[in-house]
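Below are two complexes that have chain A in common, paired first with chain B and then with chain C.
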Partner chain A sequence: MSLKYIGQRILYLFLVVWAASTITFFIPRLSSRNPVRERFAELARMGGFAPADLEKIIADYSRAFGLDKPLFQQYFDYLAGIARFDLGVSLNLYPKTVAMLLWESLPWTIGLLIVTTILAFVIGNLLGALSAWPQTPNWIRGFATSFVMLQGVPPVLLAILLIFFIGFKLKLAPLGGVYSIGTIPEFSLSFILNLLWHQMLPALALIFGSLGGWVLSMRGMGVTIQGEDYVTYAEHKGLGARTIFRDYYLRNALLPQVTGFALALGNVVVNAIVVESIFGLPGVGSVLFAAIRSNDFLVIYGIVLFITMGVATLMIIVELLYPLLDPRIKHT
Partner chain B sequence: MTTTTQAAATQAATTQAAQSERETVLTVTDLVVSYYTDAGRAKALDKVNLTLKAGEKIGLVGESGSGKSTMALAMMRMIKAPGRIEAGNVVVGDIDLMSLSDKDMLQARLSQIAYIPQGAMNSLNPVTRIGSQLVDAMKAHTKDVSKEEMKERAIAALESVELKPEVFKMYAHELSGGMKQRVCIAIGILLEPKVIIADEPTSALDVVTQRQVMETINRIQEQIGAAVILIGHDMGLMAQSMDKVAVMYAGRLVEVSTVREMFTDPKHPYSQALIRSLPKLEEKGVFEGIPGMAPSLLRLPNGCAFHPRCRDVMDHCKTTRPENQVLTGGRRVTCHLYAEENEKAVA
Partner chain C sequence: MSSVSLNQNLIKRPGRLVLLGRYLRRNPSLTIGLAIMLGLTIFTVYGLLTINPKDAYPLAVRPQQPPSWKYPLGTDFFGRDLYPAMVIGLWQTAIIGLFAGALGTIVGTVLGFLSAYFGGILDKTISTICQILIPIPAFLIHVIIAGAIDKRSVTILTMAFVVFMLAWMGPTLVIRAQVLTMKERQFVSVAKLSGMNSFGIIFREILPNLLPFIAAAFVNQVFQAVFASLYLSVVGLGPLREPLLGNTLWSAQSQAAFFNGWWWWPIGPTVALALILASLALINMGIDELANPRIRTSE
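Take a look at the complex of A and B:
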């Protein structure tokens, strides 16, 4: 892998960020709506403002946000802000910035996402590989197929079904929230367990939501790889079934799955947002959801921009790691 | 290495006469394999018999679909569904392969009987290094051998097929077709098996590379003294480097003879047709094909499967199947023409 290639990828990342920020800059400004005015008009309707003051407040805020400057000046200020990771300010929770909101909510999302995505990928691919392997017992195949059927259920419905059956009917897991009401956050085993226990249903919803997809694509891949000459020849060499499964069959069948993984990242984030807001977890999804409900445009655009950057970065990382898995691919 | 060179030297000194005293390393008796397809049962191997002595080289020829690969796979016990080995024995050295447990059969593969695949182009794992594909084969068969020693042995095997030691660290896509074929040969000889089966090892290679690979197989075979079964279509190639030729037709071995006998005095009408079909120098490439089509295994003609195409067909050929018989001098033929001679010989 050459430095030139890495340079190209980083340049590409910059282009993606630039394009995304340009879009998030212009879209709100293309519409005739003024988010600051709308927000204060809303507040005024609820009372507490003299309408006379309103125009002055709006003007002050517009100046504070730099909205009174010429468009191209605003645009460059905006880009410069993004370079400093200044993604904007909340209208609702002023003076909280989008960066601050992300800082508070991101650990929840990342914790949940990393664990569920990795678990779903590992379990799904293993089940898929096993169900295409001739010596696999039938019950494992049936087990894998049941996950494939879950795949058709949208994550929202899956989350609600889980809440209803496991949380409400069986009372095996809490219905939502971060930790039991009345417990004090502290660094203790019981608190951590309590925390994990509350993450169980959202985690299951996310895992069940994507596991079947991995099973399905891996099974298809497995059937193909199984007919490859190098798998048959490995049997001729007298290798044990376990070695053949791991080094010849799984290693090769996994390659396109890793590409699929990079492509699925965007979807993973969308599902996480839905599931988080259903379970009331204080992650990025819930922040975004709240922002959408309260027309907090700057937060919406800031978070969308951030997610775009995050997904683009992850995809490039996967791409750069790919040659380690497949020696035939050399980035030059 | 000195022991193998000595062995090679003694072997080179051994004469044709001494060959009859060599131990028998392969005995195939009445091997039957069928494929159960939707269209019915295809008897791909029908009571096949073959014996080979150490160091003996036999060419297995026959039309496409006659059952050559099936025979090779059956000897490795690698027939897969919808195929099934239905009867017969395969004895390598003093091991009866059919009576082995699955686990012991894994051990016998490569160490007793090795297969060099038909599709060597894709027979190597694309994502692991060549070296590790030699080492994992050794690991599966040997205990208490250190990593360094395995690596040394793998490199020695690569060198013995004229590959550079660097190949150990390379990947399949970095090798040419001929080099990949050599790697498969190196894997085949790694554990010095008694029998090596090479299934059309050169059919995907250009003519020059073909010759080189054949020379390598011959040299290696002499070094380790293994019996070799070379599957192919090319009678000319067989004549150059084999001791014997076995002719397969519709799942049966219709004739097994030495190369000299086969080319000067073929017995079975199908072998005769094959020999006649070879382009002759003096006739400037005039080519006599074999009339008729290869029969479908699903609807074999009654009696002798070759009778619709046979020049010497007799009435009872159409109703009675000829049995495989041993003629004087040890040739094996499956044809009614020689039934009387055989009876005389027995009497």
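Take a look at the complex of A and C:
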């Protein structure tokens, strides 16, 4: 792997982040909505402001957020802020910064994401490989193939169906929330179990929501690899079915799946934040949707940019790690 | 010689319908997908002919009624009859999907074509823009665009347009890749050598061979459009007045329908959306098999 290649990828990462920040900056400014004015108009409806003061407050706030400067200066200030990882301040939860909000909510989202993504990837690929392997018992093959039907059903809908069947009908899981109402957050086994119990349905929705895609693509890969000469050769050498399955078949079929994994990352993250907001979990998704509801513009842009940067960076990391998995590939 | 031709006369060539039926039996995902889609279409068309559209909007009927003979899918907290709401929601979802899907496919096909056929700086520009935009999760940009539009002026068509704005890159890259390989094929060289102009080569030689890929791209685009509009409306960025399926889900969720025991409110739209998306995904798989015979699996 040459330095030149890494340099190119990093340049590409910068381009992606620059494009995302430019879109997030200019689109809202093309519209006629003024978030500061909307915010204070709402507060004024509840009373407590003299109209003249209101104009002064709006002017003050506009100055504080830099909204009175010329557009291009605002744009460069904004880009400079991003370069310093300064994503601005929340309008609604002032003086909390966007970085603080992210810092509080990110662990929840990342925890849910890591567990569900790894489980879905492992289970989905195993089922997909089994469904295309000729020696698989028929019932396992049928079971694995049935997951292809799930492909296309988004996790949000599965979340609602799971809430209905498991939470509402069978009463086996909570309908939403982080922990049972009335429990006190503490570091004890029962509280942690309670927390995990509340994460069960969102996790299941996310796992089942992405399983179908992995099963389908792995099945396709599996069918292709079976016809390869090296598999036939391994069979003729008299290697055990298990060895062939693991070392000759699964290992080779998994390689393109890793690329697919990098490409799917954006969707995975989006699914997670939407499902979080359905269950009312305190992750990035809930913060984003609270911000949408109150038109808290810097929080919206901050979160969008942060997620874009995260996804683009992870994609490049997976790409750079790829030669470790497949020695045939060398980035030059 | 004569006996051979006699035998050929004896073999009856099956009619087109029989052949189609045989193909559908070999391609179960296409068949199941088309069957679900047909069922949904019949439900929607029959519904549109029989319902009173006014019942799908607030304050039309008694609120919070569970499903009964009078209200087959129940009524919601705001006094909408959920059966007409579902019919209109399906219709609106179809409009968004078809409009955004068609627009995305057309723009993608044209850009992909231009990019691959003429190459050079045009190709560089178009493919670089696609590659920069693709890692950005489209949903997040949709959130920004939809959030910037005044809530009261969001309509079904603006929503379709918002969805389209970030959807054309996929088909552009697919069509570009196909045209690049097709450009090198012999039939194109023959056409060129026999003096056909670019226009003729594009429309008479390349385009007909691309049709399966364009069809696959279209189904995929419709799927993506329905998916994107569901996500936007389920978080409250849809045209809030309309009974779009995702909007119904959003309002049920924000009124804590399950906590209040109104299970019928979110379940109907969830099942409808799951059926739409699953059938589109199945049709997509089926068309893939039709377009790339190489991935056909023989059982």
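Here is the rule we go by: the second predicted complex is superposed on the first by the 331 of 332 C-alpha atoms of A that agree within 3 Å, B and C clash if a C-alpha of one lies under 4 Å from a C-alpha of the other, contacts with A are read in each partner's own complex, and residues count from 1 in each chain.
Assume a residue touches a chain if its C-beta (ideal position, glycine included) is under 8 Å from a C-beta of that chain, and two chains touch if they have at least 3 such contacts.
Nothing here was measured: the structure is a model prediction, and the numbers come from that model.
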item	value
Which of chain B and chain C A:I307 touches, first, second, both or neither	second
Which superposed partner A:A144 touches (first chain B, second chain C, both, neither)	neither
Chain B versus chain C as contact partner of A:M315, first or second or both or neither	second
Which superposed partner A:Y233 touches (first chain B, second chain C, both, neither)	first
Partner chain in contact with A:V299 - chain B first, chain C second, else both or neither	neither
Which of chain B and chain C A:V269 touches, first, second, both or neither	second
First, second, both or neither for A:A203, with chain B first and chain C second	neither
Partner touching more residues of chain A, whether chain B or chain C	C
Partner chain in contact with A:F168 - chain B first, chain C second, else both or neither	second
Chain B and chain C footprints on chain A, overlapping residues	none
In the complex, chain A residues that touch chain C	12, 15-16, 19-20, 23-24, 27-28, 30-33, 132, 148-154, 156-157, 160-161, 163-164, 167-168, 175-176, 216, 219-220, 223-224, 266-267, 269-270, 274, 277-278, 288-289, 292-293, 295, 300-301, 304, 307-308, 311-312, 315
Of all residues in chain B, those that touch chain A in their complex	76, 78, 106-111, 114-115, 117, 119, 121-128, 136-137, 140-141, 171, 173, 184, 187
Residues on chain C engaged by chain A in the complex (per definition of touch)	29, 131-133, 135-141, 143-145, 147-150, 223, 227, 230-231, 234-237, 249, 253, 258-259, 263, 266-267, 270-271, 273-274, 277-278, 280-282, 284-285, 295, 297
Residues on chain A engaged by chain B in the complex (per definition of touch)	228-230, 232-240, 243, 247-248, 251-252, 255, 325-328
